[in-house]
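Common to both upcoming complexes is subunit A, partnered first by subunit B, then by subunit C.
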Partner chain A sequence: MLNFLQHLDRRWIFLLMFIAVAVPLIMGTTFPETPSPQVLAVFDAVDNLPDGSNVVMALDYDPASQGELQPMASAFARHCAIKKHNIYFMTLWPQGISMIQKSIDILQEEYPETYKGKYGTKYVNLGFRAGNEGVIKLVVEDLKKSYSTDIHGTNLDNIPLTKNLKNIQQVDLLCNVSAGYPGSQEWVLYGSSPFDIPTVVGCTGVQAPTMLPYIPDQLTGMLAAIKGAAEYEQAIINVYPQLKNNPNAKEGLIRMGPQLVAHILLISLIFLGNVIYFWERKQGLHQ
Partner chain B sequence: MKQSTLIWTILMVAGGAFLLFQASKGNGRVYVREIPVDAQSSQPEGEKQDYHWNRYQQVTESEKGEPDVRFSFSRTLGLWVAAFCTLAIFSFLYGDNPIYKFTESVFVGVSAAYAMIVSFWTEIMTNLYAKLLPDLARITFFPDIDSTAEPDYLYLIPLVLSILLLWRLSPKGSWIARWPLAFFIGATAGIRLISYLETDFIGQLQSTVMPFLVFASDGSLLWIKSLRNTIFIVGVLSCMIYFFFSVEHEGIIKYISRLGIWFLMVTFGASFAYTVMGRIALLSGRLVFLFNDWLGI
Partner chain C sequence: MKRTIPLLISAMTGFILIGTAFIPRFVDWGNIAMAWFNLLAAFAFILGGGNLLKMQLQKISAQQPGWGYAAVTLIAFFITLFVGLAKVGVHPNVNFPEFTWSGDYLQEDGAFWWLFEYIFTPLSATMFALLAFYISSAAFRAFRAKNTEATILLIIAVIILLGRTYASVWLTGWFPDEFILGESGIKYSDFKLQNLSEIIMEDFMTPGMRAIKIGIALGVASTSLKVLLGVDRSYLGSDQEA
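Up next is the complex of A and B:
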């Protein structure tokens, strides 16, 4: 048996992983989540704002990472919509434009009484600007130096939400969902930290360890990877149970089922690999 | 035929048969609903103009029999292309192959082209052309530009720097491109240096200055908070000592730096775990697309 495992084709491991992820997804297996203090800090940052506050939602990711980040962005959009916040969408990634549209669709389809036909008064899409951290530096000091128009080419002076907005230091909260550079770290470095803008972020698992040192002084809270998204969804459902019946509001929770099974498989494989290693060492195959 | 080849062939044939079965049931087809959009011109001055157009919203499976819902060939084709591309990328797991290479090239090309077009229209057209020639920009592409807008000649500076940068392509005089390059590197370094010093250096130092022992307002010792602070400070110091190579790692320094290695290992372990979680989330994201959007399972 050990001899067979020693020479196991890695494609069998891929197939096992496929099954481990696919079966819980098809079966819709979910597990209960308990929001961690870090996620509750994010929830409170959005929830404690008075209804109708101004929130910048910077969605800096692309379709390649939407499997991990879309549940976070959707949860942010739903939470802000429940609180009837005014939302300013923007992105530093060219492909982020279509990601913003997904959040806008949520606002319009699930919360039509607040957002349908309210473009410019309840939400605005500033779209993409090239320039990475340069754009962040500009929007925190003088928004209209970087964004003279919104995504449709309308002058910001003609849009009620942006007419009197000098810079994003005037907003109540900055929510960033990011997949890399430019993203959360740049928003902290050039936006939230020097100007004390209350900021919460949602980021990929790869980014999470680099963002952790900024909590709680420079960042209010962080949603790390799909686990953070699932806990945030649970935190919203706990307080606003009307979302319980919306399957789209449990995107992250549904994806935690495959995570658990895949993690068990991975841990088993690591354990097995170590057993084989020590067995080989005992046999004198390793020096 | 090798045993593994036989098994994989059976799996592929079974997968293909399942796809055909799902397609015969009507899955993998996209239905849309036509939604009228009404808008008005955004210019505050002048006569207001009304605009009407239709947009198409994708509907769920249950709504496809409704009267205003119709089959969308273009979106269905897009769905099948996306599914094919996903499977083609997955095929790399079996081994490097031409289908994977083709799809990878398509992804890279499409992403680069998309980024280039968006950057052109948001930067060169909106930020340069519209700022330097607002009247012409209003007539040609941007009717919303204020009719009183004056040309901003400061934008000539980035225009000149950009042209100088393109000089690099010239066989003679490529040295001219070094001037704008020097400016960009200097400006970027300057902007980054200040922010890194402020946020990453001073900010992190401030966050690390904390008491070993934390007392509550009634004078009692808060054990958990004290322990957490102590672990934090010891971790930071031992990791720093590990990276301090000016002193021989002998005696007490050796033990402290070994402790630093343990802290680093825990950090790397956490990073790896987060990375694994991210990769599985991406896989489940693609499988959700294949199962729900494409196969309708």
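Up next is the complex of A and C:
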């Protein structure tokens, strides 16, 4: 048996991983989540704002990372919609425009009474600007120096939401969902930290360790990876049970099933690999 | 001259931006410098496109191994560029119906949107998802308890992997919320896997990351000063080129 495992073709491992992810995904297995204090801090940051507050939603990710980040962006959009917040969408990633559209679709389809046909008065899409942290520095000092028009080419002076907005220091909350550079770290360094803008972020698991040092001073809270998204969804459902019957509002929770089986498979593989290693060492194959 | 002017531009812009942090009078100057930077960043896309063309054409003309992929890259590049610039399949903006090109290039049902939604998105997601397969293979073949450091890393990895799933509740959710030794301050529940993973992240990883970040910031500050003062000129290219 150990001889067989010693020379195991990696395609068997790939097949195991495929089954480990596919089966719980097809079955739609979910598990109850308990929101951690950090996720509750994010929830409270959005929820404690008075209804109709101004929120910037900066979505800096692409299709590659949307599996991990889209549930966070969707949850932010739903939570802001429940609170009837005014939302300013923007992105520092060229591919982020389509990601913004997904959140706008949620607003229009699930909350038509608040957002349908309310472009410019309840939400606005500023789209993409090149310049990475340069754009951030400008929008926190002088928005219209970087964005003179929205994504449709309409002058910001002709849009009710942006007409009197000098910079995003005037907004009540900054929500950033990011997959890397430019993203959460740049928003903290050049945006929220120098101007004390209340900020919450959602990021990939790989990014989370780099963002932890900013909590709680520069960052109010953080959603880390799909686990953070699932906990945030649970926190929203706990307070707003009307979302319980919306399967789209449980994207993160549904993805925790495959994550559980995949993690258990990974641990089993590590264990098995070590059993083989120590067996080989006993045989004198390793020094 | 070829070196002095770029050096002067970078020094002036850099010092103005540093000045904005301390002198309110410089804030507007800083904003102008940043607006210029944004323009330059937009031009970088053109340079990027040009570089892509140059590299792929070199591969094709030299018939390097895999030159067919370079050809596919170029075909895909030109199709996307044409479809995006010509706004193929895009309806005019309702505010400007007389201008056929007034619609948004990413408009739903437009050809560019179609390419993005049905080719770029699935391909990107597939590339990212492949990581799971390679990680599992690497975990089986390379993650070995060869020495003390590797063993500690392995134990921590297992705690984090389990602590970030519902397995932690199954395995250790029943630990009571009682003190282990009188008023020692340590509870049985502290050893729940989800709590252990949080302790590892907050009490061990975060201080380490803070120290690394402070180190990086000091390094960035000193390197930036060297660039602004003209001591470090490596960003202008080698001496021979100048």
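Worth pointing out:
Note that in this section the second predicted complex is superposed on the first by the 287 of 287 C-alpha atoms of A that agree within 3 Å, B and C clash if a C-alpha of one lies under 4 Å from a C-alpha of the other, contacts with A are read in each partner's own complex, and residues count from 1 in each chain.
One rule holds for everything that comes next: a contact is a pair of C-beta atoms (placed from the backbone, for glycine too) under 8 Å apart; a residue touches a chain by one contact, two chains touch by 3 or more.
This structure is a prediction, so every number in the text was calculated from the model and none was measured.
By the touch criterion stated above, A:L16 is placed in contact with subunit C alone, subunit B being left untouched. When the two complexes are overlaid on their common chain A, residue A:L266 makes contact with subunit B and with subunit C alike. In the superposed model, A:I159 lies in contact with subunit B only, and not with subunit C. In the superposed model, A:R255 makes contact with subunit B only, not with subunit C. Shared-chain residue A:T220: touches no atom of subunit B or subunit C.
In the superposition on chain A, A:T91 makes contact with neither subunit B nor subunit C. In the superposition on chain A, A:T199 makes contact with neither subunit B nor subunit C. By the touch criterion defined above, A:I26 reaches subunit B but does not reach subunit C. Contact with subunit C, but none with subunit B, is seen for A:E141 once the two complexes are overlaid on the shared chain. In the three-chain superposition model, subunit A touches both subunit B and subunit C at residues 14, 17-18, 21, 62, 64-67, 95, 97, 129-131, 134, 137, 153, 194, 208-209, 213, 225, 227, 259, 262-263, 266.
Of all residues in subunit C, only 21, 27, 30-32, 34-35, 37-38, 41-42, 44-45, 93, 102, 104, 106, 108, 113, 116-117, 120-122, 124-125, 127-129, 132-133, 135-137, 139-146, 154, 157-158, 161-162, 164-167, 169, 198, 201-202, 205-206, 209-210, 213 touch subunit A in the complex they form.
Within the complex formed with subunit B, the residues of subunit A that make contact are 9, 11, 14, 17-18, 21-22, 25-26, 62, 64-68, 70, 94-95, 97, 127-131, 133-134, 137, 148-149, 153-155, 157-159, 188-190, 193-194, 204-206, 208-209, 213-214, 217-218, 224-227, 255, 258-259, 262-263, 266.
Within the complex formed with subunit A, the subunit B residues making contact are 4, 8, 42-44, 93-94, 111, 114-115, 118-119, 122-123, 126-127, 130, 142-146, 191-192, 195-196, 198-200, 203-204, 206-207, 267, 270-271, 273-288, 291, 297.
If you check the complex, the residues on subunit A that touch subunit C are 8, 10, 13-14, 16-18, 21, 31-33, 36, 62-67, 95, 97-98, 101, 129-132, 134-135, 137-138, 141-142, 145-146, 151-153, 194, 208-210, 212-213, 225, 227, 256, 259-260, 262-267, 269-270, 272-274, 277.
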